[in-house]
Structures are given as structure tokens and as C-alpha cells.
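Dropping a structure here in C-alpha cells format, bear with me for questions.
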Amino acid sequence: MSPALEIKNLTHCYQPGTPMEVAAIKDANITIEKGEIVGIIGHTGSGKSTLISHFNGLLKPTKGTVLVDGTDIWSSKEALRNSRFKVGLCFQYPEYQLFEDTVFKDIAFGPKNMKLPSDEIKRRVLEASKLAGVKPEMLEKSPFDLSGGEKRRVAIAGIMAMEPEVLVFDEPSAGLDPKGRRDLNNLIKAYHKKTGSTVIIVSHSMEDIAKLVDRIIVVNKAAIAMDGTVSEVFSRSEELKSMGLNVPEITEVFARLKAMGYDVPLDVYTVEYGADRLRELLGKGVGK
Amino acid sequence: MIKDITFGQYYPGKSLLHRMDPRMKLVLTFFLIVVLFVSKNFFALCLVSLITLIASLLSSVPQKMMLKSIKPVLIILLFTAALNIFYTKGGATYLEWGKLVITEKGVNTAIFTIIRIVTLVVLSSLLTYTTTPTMLTDGLERLLSPLKILHIKVDTLAMMMTLALRFIPTLIEEIERIMNAQKARGADLETGNLIERAKALIPIFVPLMVSSFRRAYELAFAMTCRCYTGGDGRTRMKQMKLSLRDFICLFVCLAVLAGVILLNIKFGSIFEV
Amino acid sequence: MSEKLIELKNVSFFYEADEEDAPPIPALRDINLDIHKGEFVAVLGHNGCGKSTLAKLCNAIYEPTEGTVIVDGIISDSEENGDKIRRKVGMVFQNPDNQIVATIVEDDVAFGPENLGVEPSEIRRRVDEALKSVNMYDFREREPHKLSGGQKQRVAIAGVIAMQTDCIILDEPTAMLDPMGRIEVMNAIQKLNKELGITIVLVTHFMDEAVKADRVVVMDKGEIIADDTPRKVFSQIDFMRNHSLDVPQSTELCNLLNLGSDVLTIDECVSKLASVLGGAK
């Protein structure tokens, strides 16, 4: 079985051939298997936006290849077009892309572009609204009458309705309040579990990343700096900090304890796990 | 990328031209353009071009940038040159090929027009390269302030111009962002006939409008918060004062006009033989 | 506590509904709140709880439907008084792009003082000082659209400082920024409060930002449901969760371990854990 997404020796330069040539991403190699849930982190300007714009062919690599489900997306016009549907890209603040006069029509925009029959479009719209938590009574409303959080769900449903094999979220919870964040994280988790499709999350929020993904890819200075499990990556907190990134607060607490000489693990990234480890250490005396 | 257009953009510097009063710069640019069109022969024209070249060298704007600003008008240049070569007749015949006749006068007018247009572009680019958009609108506002007597709200118009300049790059970025978002949903912007393509723009146009209105609304709030109540009682941080250098430049330009008039009389016009 | 700067007395606010005959939509109900000179107050609450409306009432962008808002002795009941109030209370918004009016950084900072009719040489002095206080002086001749989000937001803050207001209200100033930008802006805010004594009202979604305030006001459904020090507010973990909010992970960890819930910061958490771990090195 071919991987869901494979990036081989990818290099992208802006303004190539001029003295102003800048490589936004250099010689990147990534393989993402089907069904994985992966996080991509990196500070603004690290090259991660350039990287994800290659996943569905919005940018053409200067060098290297992008394979979606084993097919080179730049091998033919057909392959490029298909990549848009196989890899769903949900940009930051996706609610700003809404344009139709009803929620239903807006969610149907993607499937319609896929030239699907109308009953299939309908099925997908209903299915996607359910996955994204868009209530049925909202479907006939104008998307512009909804609240901010609802708009975002509609926009996400619009991507889900294409039933992509890989779904990429760029800063999905930007600007949301804590509950909005929690709800959206749960939604993404449920989507991944239910559809079994590959999910990639780009985020600045290390807490969100820690809660959601199994594997983290770190982009720094236009290159892949780390690629490993969540605990592997977060245990290298000093390196992450030198890249202008932070670690979850809880990871930081453990890193400091370790630095003070306590024998605590460094791979802690959720509060519950951290509390458990500490309870072990403290014996039965503290905590229940 | 659309973001990289250089025409009409400011190039920071501390040259004589940068330090000139924007009002004087505006007036003199306009003045020199008029002189440029008054010039009737190569001697007069070259005088104006020469002074433009000197100004350009004094401006500390890299020559590469100047050349870049000519690029967008290249097609117009070639087109007018071709028109002149083939349609102006007179003097010695250089080439005759069926109906195609190239004469001395044709070639002369073509060269004349090219120099004239290039000088024109360099002159106006010099103005925008050495003057910040804010200074430019400020200068315009002050030059036009006598119009206030006619109840024309010059300061409001100037504010609108500044805001337009401020938001052009923001909106260009916004368009790129929306285009990418819709392309990611399979929107096809490149193929199809004219009607299909126009239709394909709706998913871009609607979000752009919605966001522009939202921006305008927020901007209005922000301006109210910063006590903007229109033009009355406003002061300006950057004062405009005419200094010696402005008057020297004025004098130089007047001298150029005098020179052009003299040269026009002495050598006549190349347009009438 | 020192003098009151902003005083809200029994304030309610209703938005006009879009459709005719529909009843107005309530946004705030019977709010009583005093903000004192030199305070740093954080306002927390989920989206739509009324905290942005509250912010806009404090600098007379809105006038209350019921009750009174008094800023430094001036009641916000007329357009004229509104102008006076806005000279004392400045505001920074969420989207940095939509509040910068000029094409050069220093010109933008000068916009406020210019509107106030300040002398040109005095504007120059204020602009330079304001830009220095947010560490943006070196960028004074840049174009705002080429700056990062955090830098733009600091320019917006400088624009308010240059007006020499007594108070700055910031309505989710870091919501659209990356972690670096958030740190830059928070550092600038804290510095203004500590060094220049400017009163700060910070509306935010981020608990780690609210922790840095002197006082936290929590809102829900148009009402103030808590108003206390961050330590007291965040120790009520279940209360916060029930109102769609969160607490810092350090607080949560110590609470899970029954080490008390008055721990706020990483430093406090680490020293608390070290004390119970004792010699278990």
C-alpha cells in the first residue's frame, strides 16, 4: 500500500533565477502513512506554510516530487486536479472563504467542483455537516448570519464534504475561546476516528498539538528539523526553544524539575499523564 | 507575484530629491512634463532628458529600479514607435517594401516619442520613488487647499487617498489568500469561456467584499478611537517648509524652460519640415 | 486603592435587532465595575459573553442603554463627552491590519496626536518616545504591511501611547498572533503598566495572559460572574470550566495532585513540586 502523502527532496524557491532567490523550503522528505494523525510545528516564516501549499499542488516544487496516494501530482493535469480533492486543505480562518447564499450550497461547492451527481453531493453535504457539527436547521440559512464559531464549522464541513484522503488543518482553532478550542479539538479527533482518513494539523498551540497528534514534524529554517513521536519531540524542549517554539506548559514543568536534579521523565505532554508519573514518584502519600 | 510591482513605490533615502518639499516636487514634476511636451526638437528634448537624468542620478534610487519602472510601459513604447515609423512620412526614404515605407521623418518621430515617453515615466517615477505616499497626499492636499473655499473637502479626500494606498497591499494579500482557499476546494479559475470564468470569480469576489466591509467597519471604529473627527483642528507632525534647495530646483527648472524655448526658436520643430 | 478612572454603574446595553419589531438583543445586564488608575485588569469570557461590548462602553464608542459610564469624571452621554473620554482612554483592536491608517509606521503613530491638534514638534517627540517604549523605534520608517503581526500590534499600541491617554483598552490584541508576537505584545503591555503607570484593560482568551494581571474580571451572558485576583479566580477550576474557560496547566496539575489550587505560574508549580518531592532526587 502506498503512503497517503510522500514528499521527496522538495525544494521551493521564491523568485528563482534572480539575486533575490530565497529557498522557503530546502530538500524536505516526509512520508505520511494512511490513517496517521500528524502535527506540523514551526514559527512564522519557518517554511511550513510553503510546505503545506505543496500538498495539494497550490505551489509547484522548484525541485523534488509530491506523491499523493502513490501518484506524482505534477505528472498530469488530471493528477493535479485530483490532488485538490484527495488532499483537503483547510486554511487559517476558513470562515473568510464562505460566499454562497445558503450553508448547504457553500458546503456543496467542493463536491460540485468534483462534478459529482446531485444525490451524491447531497449525501456528502449531510454527512460532512454531521461530522463538523453543523446543525441541520442551519443548512438553509445564510452563512453570513451565523456566529463566528458556526461559520468556521461550515467552512470545515466544506472541506470534509470533498471526502479527502488527507485533511490538512492550518491553525484550526485560531481566535477561538478555550471552549471553542476544546470543541474543535474533539471534532477533529472524532473525524479522524470515524473516517480513518489521514489528518495533518499545523498549529502554534503546543497544548492542542499535544492533545491531538501521534507524531510531530518540526520545520525550522526551511528544513525539516525533527520528525518523531510526540514524546520524542517534546522531550527535546531546549532545541525547540532555540527554534523560537515553546513546549506545553506541563512539559516545561517537568523539564525544570529534571534540571533541578529530580528523576522525572521528560516525555510528559498532558496534565493527566504528568500527574500519574508524579503520583508514582511520590508513592501513595500524595494524590489519590 | 502582484506584490512585487515597483511602479509608484517609495524608495527610502536622504538625497536632495528626498528632502525636497513635496509640494514643490509635485509642481516641478508637472512643470517639467509640460516643458517636455513643449519641446519641439531633439536639442530641446535632450535638455529636458538630461536634467531628468541628472535628477535621477541625484536621487540615490538604483538605476535598476528606474529601468524596472519603464518595463510596464514597454509595450506602449513599441506600439507608438511602430505607429510613428509606419505612418509618419517625409524626408529621405530609408526602406520601401510594398506598401511599407520607412522614411527619415518616421524614424525621427519614433525616436523622439520614445525619448519623450521614457523621460515622462522616469520623471513621474522619480516623484513616487523619492516621496512617501503620505507626503504625496499631504502635498496634494496642501496644494489643493484653496479649493476649500468652494466647499470641497480636500482633507477628507486626502484621507481617503491615504487609506486607499494603505489598504492596497492588504487587499492584494487577501485576494491571494481567498484564491488559494477556493482553489483548495477545487475552484477552477484558469479554464472555460469568458462567462464561465466570470462566474468562477464569484467565490473570490463575495468573500473579498464581505471582508472589505468588515475591515472598513473596524477601521472606522479604530479611527474614532483615535479621535479622528474630520479635518478641523488637525495638526501635522511633518511640516512642509520651502527651503533654499526648493528654490534652487525651481530656478533650474525655469532655466530649462527658458533653454527649451530658445532651442525651439533656434532649431524649429521636427514635426514640420 | 487609588482613584477611580472608569466607573460603570448599573450599566445595561442592548443591540438593535436587524428585523423591525424584534426586541433589542441584550449584551450586558446591570454591570457594576470600577477600574482604578494604574491597575492592570484582565477581562475573560467566552465568545459572545459581552466583553467586547464592555470594552467599547469604556471609551464611549457605545453609550449605555441604561445606567451610567463615568470616565475620569466625565459621563458618556453625548458625542461631545465621547470625544473627551477618548482622549483619556485609548483602544487597541484584535486585527492589527484594520487599525493602522498610514503607509509609514511613524505617520501612523502620529495620527492620534495630529487629530488632537498637538504642536508638530511635540508630536515628533511623543512619536519617538512611544515607538521606543514598544521597541519599534528602529522600524519608524518602515511600511506597516511588511511587519509581522506582533510588530504591527506594537505600532498600534504606540499610536495610543502617543495620545498620552491614561488608560489603554486592548480587545484581544494577541488573538491573531503567533507565540512570538504574543510574547512581544504582552511584554510591551506589562512595561507600559509598570513603568509608565498606564491603566490597562486587557480583554483576552488566553489564561496565561490573564495570570499576569492584577485583577481578573470574568464575564458570562452579559454579566460579571467573578472579579478578583488571578490567584483566587483560577483556583476555582470547575467554576472556570463551567463557564467555557480554562486554567493554566500548572494550576491543573497541582490540583490533580491535591497540592492546592492556588498555584498560578510554572515557577510556583515547580517550587511546590520540589518541596513535596523533597529528597526524592
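By letter and in written order, the chains are A, B and C; residue numbering begins at 1 in each of them.
Quick note on the criterion: a residue touches a chain if its C-beta (ideal position, glycine included) is under 8 Å from a C-beta of that chain, and two chains touch if they have at least 3 such contacts.
Note that the structure is a prediction, hence the values are computed from the model and not measured.
The chains that touch chain A as well as chain C are B. By number of C-beta pairs in contact, B-C leads over the other of A-B and B-C.
Annotation: 30 Å between the Cα-based centres of chain A and chain C. Averaging C-alpha coordinates per chain places the centre of chain B 43 Å away from that of chain C.
Counting partner chains per residue, chain B shows two or more touched chains at no residue at all. Put simply, chain C touches chain B in their complex at residues 56, 59, 61, 83, 86-87, 90-91, 93, 95, 97-104, 106-107, 110-120, 123-124, 127, 141, 143-145, 159-160, 163. Of all residues in chain C, those touching chain A in their complex are 45-48, 94, 148-149, 172, 175-176, 178-181, 205, 207-208, 244-246, 248-250, 252-253, 256-259, 266, 269-270, 273-274, 276-277, 280-281. Contact residues of chain B toward chain A in the complex are 4, 177-178, 180-188, 202-203, 205-207, 210-211. Those residues of chain A whose C-beta lies close enough to touch chain B in the complex are 15, 53, 56, 58, 81, 84-85, 88-91, 94, 96-99, 109-110, 113-114, 144, 158-159, 162.
For chain A in complex with chain C, the touching residues are 43-44, 147-149, 174-180, 182, 204, 207, 244-246, 248-250, 252-253, 256-257, 260-263, 271-272, 274-275, 278-279, 281-282, 286-288.
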